[in-house]
Amino acid sequence: MFELLAQTGLNAVYAASYISLVAVGLVLIFGVMGVVNFAHGELFMAGSYVVVALYADRFVPFFVAVAAGLVFVGLLGLLMERALFRPLRDNPLGGLVASIGFLMILQALAVLGFGVRMEHIPPVTQEVIAFSDRVRLPVARLYVIVAAIVMLSLLWYFLKRTRFGWALRASAQDPQAAALQGISVTLTAKIAMFIGAGFAGLAGALTAPLVSVNPYMGHSIIVTAFIVIIVGGVGSLEGAVLASIVYAFVHTFVTTFYDGVLADITGLALMLIVLIVKPTGLFGSADRA
Amino acid sequence: MTSLLQVKDLTMRFGGLTAVDGLNFKVEKGTIHGLIGPNGAGKTTTFNMISGFYTPSDGAVLLRGEDISGLQMHEVARRGVVRTFQHSTLFAELTVLENALVGTHMPFRPNIFAAIFGWDRDDRDGADARARDALRFFGLGDLMNEHAGDLSHGHQRALGMAVAYASHPDIILLDEPFTGMNPEETKHMMGLMKRLCSDGITILLVEHDMQAIMGLCDNITCMSFGKFLAEGGPAEIRNHPAVIEAYLGGARHVA
Amino acid sequence: MRNLIIWIALAAGLIVLPNVLSFSQQEVLVFLTINILLVASYRLLTLTGEWSLGHVVIMGVGAYASALLTKTTGLPVPLGILAGGMVAALIALALSYPLFRMKGFYFLIGSFAAGEIIRLLWKRFRDPFGGTKGLKGIDPMPDFSVGFYNFDFFEPTSYFYFAAIVVGVCLWILWRIEKSPVGLTFHAVHWQDKLAQASGVNLRAYRTLAFVIASGFAGISGALLAHYIGTINPNSFDVEVMVFVLTWAIVGGTSTFYGPILGCVVLTILNEVVLRELGLEQTRPLIYGLILILSILFMPNGLESIVQKFTRRKEAGLMRPEEAK
Amino acid sequence: MITKAFNGGFSRRMFLKSSAVTALGAALPNVTLAAGETIKIGFLAPLTGAVAAWGTPGLEGCKIWAERVNEAGGIKLEDGEHKIEFVSYDNEYDPAKARTGATKLIREDGVSFVMMLGGDTWPGVQPVADKTGMLFSTLLPSDLSPDTPTLLAPTEVHPIYLVTGVEWLAENRPELKTAVMCAQDDALGLPSVATYLAAFEAAGIEMQDEPLLFDPATTDFAPVVTRLLSTNPDIVCLDTCYSDYVHPICEQLFQQGFKGQIISATADFYDQIIAKTSKEFMEGFIFQFPDFDDPALNADNINFPDPNGFYAEYNKRYPGQWGAVSWEYASIMELWKAGAEKAGSVDPDAVLAAMQEGGKGQHAFGEAEWWGEELFGINNALVGDWPVVVIEDGKATIKGFKSIPAWYDKHGDLLIKHMTAYDQMWNQRS
């Protein structure tokens, strides 16, 4: 029994790592831009397809392809900021619909570019760290966990220690006040979108070899991300990471000990309970609504 | 005879700060009662507690002897205590007439089923008449179809009052109605208030404009640093040493 | 008098309309009529400033309720449709307790979560909801004849006439509500809820009232759909459909009664008729997404603003003339 | 709760059916073609959305099939030869859109036959089928019922063909005694769960755990596999998971150290699974869908023309996209072509009668019988032999053809027991 718990724990840590990358990106975008980015799942998918195009089809080394994924999807984020969110800055609902339009475009491009069937990505490494016969951690999954920890701490350092970081958090708290302090709102918006989208792309790229990549994979990611940023509190990045861990463990354990559908119901129920008890989320403070 | 509105040991604490500390005063029916004090004296906080905007940390607000502290704003309003807001909060997107119509919500409660089948024809006409009376009373008779957002500053203040007046209140709580008004507008507004009072409506007024306070109020309560300082008629308060000192600054810490 | 002529012309137009269309366009017309009620009822909720992502699932609640009631208790279908609306309204009332502790973005996501939970419950319980395959063989409308025209409810034209009557009545009721003091209070709650509260308006009661009425009519549109296609499953009411309702409302513009209806008609014709005719199967979503973005960028006030330019009526009352925005 | 005296819908439908064909026969576009006019076949399946993988590859396969038939002179009817072409409509796996599509294909495009994926969309189309009497085909026999006289399930006999794999497993690897199963929770997953349970029971293999259902939106399968392996089973059964699930589950089984037997309905792109795991891991993997370059398919009992050529052509145009769906729709067309040429016309009723003549049909994998009365309520499923495919040295090889009716005669009662338990019998479906 202990081995089963240990293995499930490892599975949960892996799930927490890629979910937190996606959730942090979504919170950053919502915090700074004030818009719900419905296309966030498709940005994740775009990251996976960068790895398909470079690593699977053109044999570019995996980590180079992952870096390219982060940059490419970050640029997509900049495109969204420039073409969609900036003109619609005072119309959050308009921004939401624009992101839905962008979602449809990304999906259709993936279908036209790569076809409807799933993509095949050769495994990065086959080694497995076997703690015991029944408790094993594949190295490919370890990469994802390590990459998530590294990138999140880099982001934490950036936000807490650098001038740009303060500017970002300031405009996340209160855009008007930040503008009064001479912080250029468009610059912070660009940074937020690049990092927010980039992290989603990174998560997609890292997990590409481990999941079946197809044009419609974004749907389930966005549902999970919504649950996490609500439970974590919309305004807070730390909240998003902690909520990702909580959600990943709950969902993984319930799936293993009961079944998947019940796990989904538990996840949603958890979200509703938090919404009822503390509408700004466990760690959220500023009511960005 | 219990007074219409009584504030007993009212206290409000925001974290460590005590904005209002054990305040007591009464407002008699049919009078105009002023609440004055230097900035930060806790006037608006008291005002918000009476109107149900805040729930007091301690003490009570008694309306005809009944404790209404802690009730929601609409429940306080339904008991006849209607407030206005400081910087002319209005339904900018709606027309002047519609703003006043919202004010008639309580006397003419909308009924959804009657509305669909048109059985509420007389209710609607009653509300319409009441709204137009209130608007004409405040001199807005010919601006009915204008959008509230397009009105001049003076007119917007008057419309705020009209909305409150349209709901047949027993007491109107006015939050700095005279701020930003020139002397001529102030005189006009004072005249209106006197007429309201003669109509049987009690008024509680939070205001800085001493000329208006002294000219209007039957009774005045003065606060300083959240505490009760003095109470009495206009003449008494004008010469009250503690009040003068509180306003002119350098006030010794009052016991 | 002018209005009477307009109404007669409109009615005549609606009667003739299906006969000039091809068979498959008649089918699209039936679904369009049902969706018009769905998006018009959605607008009623947005009057109070609340945007929900659970509206289509509540439409599903109406569909499931009507289907199950008619199947198990032999309730005649027209009553089943009404019952579907009632049940949807009741479920909305129950949901309003948790949901209305939230506002704005949280309400949006909270309603999404409530919707997903309902859908998962349909999937989880094969009895009575039929699990992932949902319900099949839902009783069709009983055919009947009214002298000069007999309704054969397999034919889209008959069902269009029936649905158009039901939807017409519902739209009339929605219009009456919006033009009534209740509608005015909804606007007040949206623009300045504190001031409305000071006038004695119970904010939560009115938000709930709007939510319950909107859900009731959504339930009726769900029941109308169920009794036409004869089968429903949890995926018929998933978030993809909700996204379409959202885009109809926003692209159409919600400041006028006809705005969302205009959005629904234009975008449905574009997606189901024009783009399919061009035979671009794979690129259809791409073009639809592009048009969505372009319309939001270059027509933020929605299609209704174009109509307002033409009508130029300086109408008092709730219609906001163009320049006041 | 007053149970309805008789199923109102049922009796009305019978009345509808008998009158519909006669009264509305005229409403059908003129089905008797002018000499030389092109025959149009409707392809009503999801071409966009998450289920598109069950539609688009089939359309591609049909286009290749049509080109090859047209090159060989087209369809030979009484009044000469006719070219054949496909008219597709994307129903996005939605019953309402499927109904609109069916109406367009039949009443406007004048198709003579409509192929569908089936599942959620079929109940939406059924009234149109009743009214127009048009001939339809589906990949899912679970759509069949006494109310669907003009619906055929002539090629994939999902899920009943699964019994052949388990029977072969029991015969060749009797030492394997325990099994677990996971399946996606949708219209495809449930009927096959019941079939596998029956097949395992018939083979004396004991289920270690309840079948584990997972949500179709799952992407991370580590928890699912950890649960499956917690009971140390000999056999892991993947039911009829789409390839999007088979790949990550196999990879997880490999990474979590599973060394036992895997059995599944499909293993599309198994070479990619081997790349992700290892040749040894996939050795002995049992599934049901052969590669069409398999030599065993050139035997005379195979009714698919030049399978190797078709496979090569498909791979040339759509490299790496070949899957079970690619050939199934084309094999239905092969059956339809035989029926039309025997009947000498494209009239749906004539073709249907010709196809079902003598209760026998030329299924892709050999002669088969029209079957399904007990299980589906109507004999509209073409059931015969089905290949058992095993991966040997990295290549899928047909180990033999097993007869489904033979298994059914022995263990039919078991299957009905499990199908009833999962509400999958035709009379149970609400």
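Chains: A, B, C and D, in written order; residue numbering restarts at 1 for each.
Going forward, a contact is a pair of C-beta atoms (placed from the backbone, for glycine too) under 8 Å apart; a residue touches a chain by one contact, two chains touch by 3 or more.
Computed from a predicted structure; not experimentally measured.
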Task: Labels of chains that are neighbours to chain B and to chain C - done: none
Task: Chain closest to the middle, measuring from C-alpha centroids that were averaged per chain - done: C
Task: Euclidean distance of C-alpha centroids - chain A vs chain C, Å - done: 33
- [ ] Please report how many Å separate the Cα centroid of chain A from that of chain B, as a whole number.
- [x] 50
Open item on the list: For chain C versus chain D, what separation do you get between their C-alpha means, in angstrom?
Closed with: 37
Open item on the list: Multi-chain contacts only, two chains or more: what residues does chain A have there?
Closed with: 111, 219, 223, 261, 264
Task: Residue list for chain C, restricted to those that touch at least two other chains - done: 123, 282, 284-285
- [ ] Among the residues of chain D, pick out those that touch two or more other chains and give their numbers.
- [x] 48, 185
Task: Full enumeration of touching chain pairs - done: A-C, A-D, B-C, C-D
Task: Footprint of chain C on chain A - complex, ascending - done: 30, 36, 38, 83-84, 87-88, 91, 93-94, 96-98, 100-105, 107-109, 111-112, 219, 223, 226-227, 230, 234, 261-262, 264-265, 268-269, 271-272, 275-276, 279-280, 288-289
TODO: Write out the stretch or stretches of chain C touching chain A in their complex.
DONE: 51, 98, 101-106, 108-110, 112-114, 116-117, 120-121, 123-124, 239, 243, 246-247, 250-251, 282-286, 288-293, 296-297, 300
Open item on the list: Please output the residues of chain D touching chain A within their complex, sorted ascending.
Closed with: 48-50, 52-53, 56-57, 185, 212-215, 217-220, 222-224, 226-227, 229-230, 243-245, 247-248, 251, 255-257, 269, 272, 275-276, 278, 318, 320-321, 323
TODO: Provide the residue numbers of chain B that touch chain C in the complex, in ascending order.
DONE: 51, 53, 72-74, 77-78, 82-85, 89-95, 98, 101-103, 105-106, 108, 110-112, 115-116, 118, 120, 123-124, 127, 145, 147, 149-150, 163-164, 167
- [ ] Could you pull out which chain C residues touch chain D in their complex?
- [x] 22-24, 26-28, 31, 71-74, 123, 126-128, 130-137, 139-140, 154, 156, 225, 229-233, 235-236, 272, 276, 281-282, 284-285
